[in-house]
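All chains are identified by letter, namely A, B, C and D, in their written order; residue positions are counted from 1 within each chain.
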């Protein structure tokens, strides 16, 4: 995980860039492999939204918790999850972070505070609220970040969880990744009012440019500080965009139908919009990093991704008996 | 008869019935672009007042389905994956299955739910469940599970003309399965099983996704001289007890095969019927081949190991015969 | 049901008073009978809140729909439900409006637009939204009033239903009966923010004195007009109070515990607060009715209640086979 | 041993375990003033950090129970009536019962749910269901149903020390039932049935609320010279198959009695076990006495008619014996 710094500096900036690049490059690899039919199950990519997870997790401590979504690789990696273990999981291998039992939609690492990606839209709200309640009772200063989409914000558990968090002053940060899409539906067609206003009824809110990693970081930092002080929950909405399909099999499922234009996608991929190229430009433009450093970083990330692929490829197939032995924990003596 | 994919047969039933009855409306998440394929083209034909994408909020959608019947509509609510039935379970269990009795029969509840169930796609535990046991236990809801494109069309058309709530469950991994489908008016009544294969040595009672596995197992057993009869129930509520009993009267042996978890699953219920009303026909223990009491794992081989595949069915039969 | 009038006049006022009295007197009788152990099941009384149902339903037409709650007698009677059939239902008789199959918590009369009292807290939201969707599709100008408590406002279906109603412009009026209590819990201890603000994210809102029948009427009238015009949903919050226990068996269940003070109850029962005595005072004070007219009305109501009791007493026991025959409707030819 | 009401025994288990383990916290709607009686006095003793009233929002409460375990708590979530389990079903079915497998065993889920089930109070369809079949079908959740105050205490104490999710189901109409309750440390293990009555002619397998009805029926049958053995399962997941099989090996006849609906109910599952593993012991059909596949009606006589009362049990036994 990215260390907490009192003041932003080059080291921290490079870490932000590196983490975003790690997510991007590893997911690009997943896209290729999925297209080649080499991955089991459904794969939902986070490409284009990296600044949200990375900005937010950069101000969390390792002991803090996050809950994630079906689009969870970015959160997992941003919170310090291990890429090799994630790939092995997606490959369905024994070495997977969940021993191959969960796959892409369920990457979790409780030891790093990652309480799981979740295949149920809105599934993270209540878990985050419960964890926040636990943290509050323990009084140990932990906070919980609950990532969710604009589609999930229409699930009633969103309101229920905000209500409890606000009534009881829980250290929960509700981070809405507003990409304007819910599967193949343009969210505005199924959404009444502004999402932010729903949250305003319960807690301080802030809407930020979700493709600006520093803006996300600043908003979440403020929310985290408030939560740690015991001043309760906050809502941060990050406006962003999903560049890839809802899932990698999208084209086949759409059967020729469309729900957005190529121009929209292109606009969000443009240098000034894309969270990564934009941050690179910023760092280069302000003389914070040199072009050669960026190239070196890019190379390093490619190496890491290659190693992770090799690791997952070389893994053993998942143990087929685990479904039987893992359902219940053994009673302690 | 033209040969069609399962998903096309379902689509055909929806088109035909929506043409026939303008009170049929369809809603659900992503039904317009048809994420599950079955509702494709309805939007272009019938427009936003007859088919509509909803927000993601299953708890309200199920209750809305009931509410919209007050305006005289026959509601088709697409629940996408059977796991999301749990998300919307309150209104199904507490309202829809009970409202008619609670009001002394004041209303009809013409609601048809569509949902895709079952494993085979490495979609892991939250997208691979079969929710039919919980639905069957509610008492007020019909539950049907076709195994062929023809039955899919015929059962869905029956559901769309029924005044009662019905779950029409589609095997997620079988949308591409081909079969002959009668054109136009083709109705399969609820509560009538199909004899998918005749045999004299053992009865396999099954439904939906598991039917293909049973037929494959039966073919293989046939080569070894064991003749399995395959009874495809097609509808679980109501259930064709007669067909079950008739077959075991003939074979004396029963293996129940179903893609739901064992404990209080559909298989247990069918076994219980046999142990009661078919007791005197039985020459051997009633075996169940289904999903063990576990969550469905992700890794393909691990997933396959918990499904009621032909190998497991054959093994169960061989415990009884031979 | 009380007829819709262009202008308030004596006739209408007397109808409002009469309807509130009918609810009050019939429920007082239920309280007595429940205490004597003569009623099956749980009985939740509406006493003290009559102005909400009566004010709201006075501006609805017979074809309009309502959804109700576990505390549903008042809504049933205000929307024109038949007292005899309701008593027979609570008595568990064949002549009951639900043939004795539903009881107090499920009084419904679909022919009068009463889509049912509901034992599930929040159970009415989605039904109302679905009915509103149906009305919108039919374009027949019908509206739906959804009654619910402040406790129910913490159920996520509240937000979900407001979202759909607002996104699709449905003719639904959300009427919150804010009595400050959820069973034995003081609602403020479990509620974050103001309920009204939750609704503001989606639709026009109004908070009124729920013990002032004319104030409720005016607010709901405006909302109904908006809905009929096709301008979508509204939220009306009526501040009121439940005078009786959560249910009639409350004392036994509390085992000596308390959640509110006798003074609170007394304050809400005072002449200036109680919706009925207050409206009487208003009518008498403004010379709209004479004291003798009120006395006559009171006598009439007592007579009606007595008749309903006699009717229910004389009814036949419910048919025990109905559970089997009623579950499914017969297929039409 | 002191004689206590069922509800007092449950209360005692909660007190003792909360004293013993400070990581146990209790929450739910109206647990402080204890609307169901079982949590009475806990608030005064343990305060708002250990027991707390929640808003009415079952869908979030069930998920919160899971979340709070991350902080090392053993969560007791009171669901009030079993019907409200449906309202909070999503997180139970999609998260709690699956999360351990989905994460490769990374977490333990020490969550104990309390809920009151069953009829007898004219509370009508939305307050009288028994939700155990749907819970039993999930695979990852223990389900226990005591029939005596002693077992109530012992099973609940076991649940409160378990690292796994467990539903502890209380018969709504039986809170006042008296029985002797051992003081202090008294643990009843999961998966061990109790022989509630010995007999040689027929076995009644039952649990929870239905046990009393079985014993009453057995007494009456005894007067007519028919000796019924009553096996009280106490826990449904895990289930004591051995006890069932042992008893039918002795009597050769089985009637399963349960207060849940028939279709895919607990009774069907037990009958299915008998028809498989106990087949060669059986001399007669396996009968089920339970709730028919209907919503529970309100009127007292109509409600009673659908409950598995002694008269119906006796009638079923007499079909087999005599």
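We adopt the following convention: contacts are C-beta pairs under 8 Å (C-beta built on N, C-alpha and C of every residue); 3 or more make two chains touch, one makes a residue touch a chain.
Predicted model, so just to flag it, every value in this text is computed and none were measured.
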* Asked: Can you list every chain that touches chain A and also touches chain B?
  -> C, D
* Structure fact -> Chain centres computed over CA atoms; the one at greatest distance from chain B is chain C
* Structure fact -> Between chain C and chain D, the Cα-mean centres are separated in Å by 36
* Asked: From the C-alpha centre of chain A to that of chain C, how far is it in Å?
  -> 46
* From the C-alpha centre of chain B to that of chain C, how far is it in Å? -> 40
* **Where chain B and chain D are represented by their mean Cα positions, the distance between them in whole Å** => 29
* When you check chain C against every other chain, which residues touch at least two of them? -> 98, 100-102, 106, 118-120, 123, 154-157, 160, 163-164, 167, 189-191, 322-323, 327
* To do: Would you mind listing the residues of chain D that make contact with two or more other chains?
  => 54-55, 57, 59-60, 83, 87, 90, 94, 101-102, 124-126, 139-140, 292-295, 297-298
* Considering only which chains touch which, how would you classify the arrangement: line, ring, star, complete or other? -> complete
* Asked: Along chain B, where are the residues that touch chain A in the complex?
  -> 29-30, 32-35, 37, 40, 53-57, 59-60, 83-84, 87, 121-127, 292-302, 305-306
* Residues of chain B touching chain D in the complex -> 58-59, 83, 86-87, 89-90, 92-94, 97-98, 101-102, 124-126, 129, 133-134, 136-140, 237, 239, 260-269, 271-272, 274-277, 279-280, 282, 284-288, 292-295, 297-298
* Please name which positions on chain C make contact with chain A in the complex. => 154-160, 162-167, 189-194, 197-198, 200-203
* **Complex contact set, residues of chain D against chain A** => 25, 49, 54-55, 57, 59-73, 75, 90-91, 94-95, 99-109, 139-140, 142, 161-164
* chain B-facing residues of chain C, complex -> 65, 67, 96-102, 106, 108-111, 115-116, 118-120, 123, 125-135, 137-138, 142, 156-157, 160-161, 163-164, 167, 322-323, 326-332
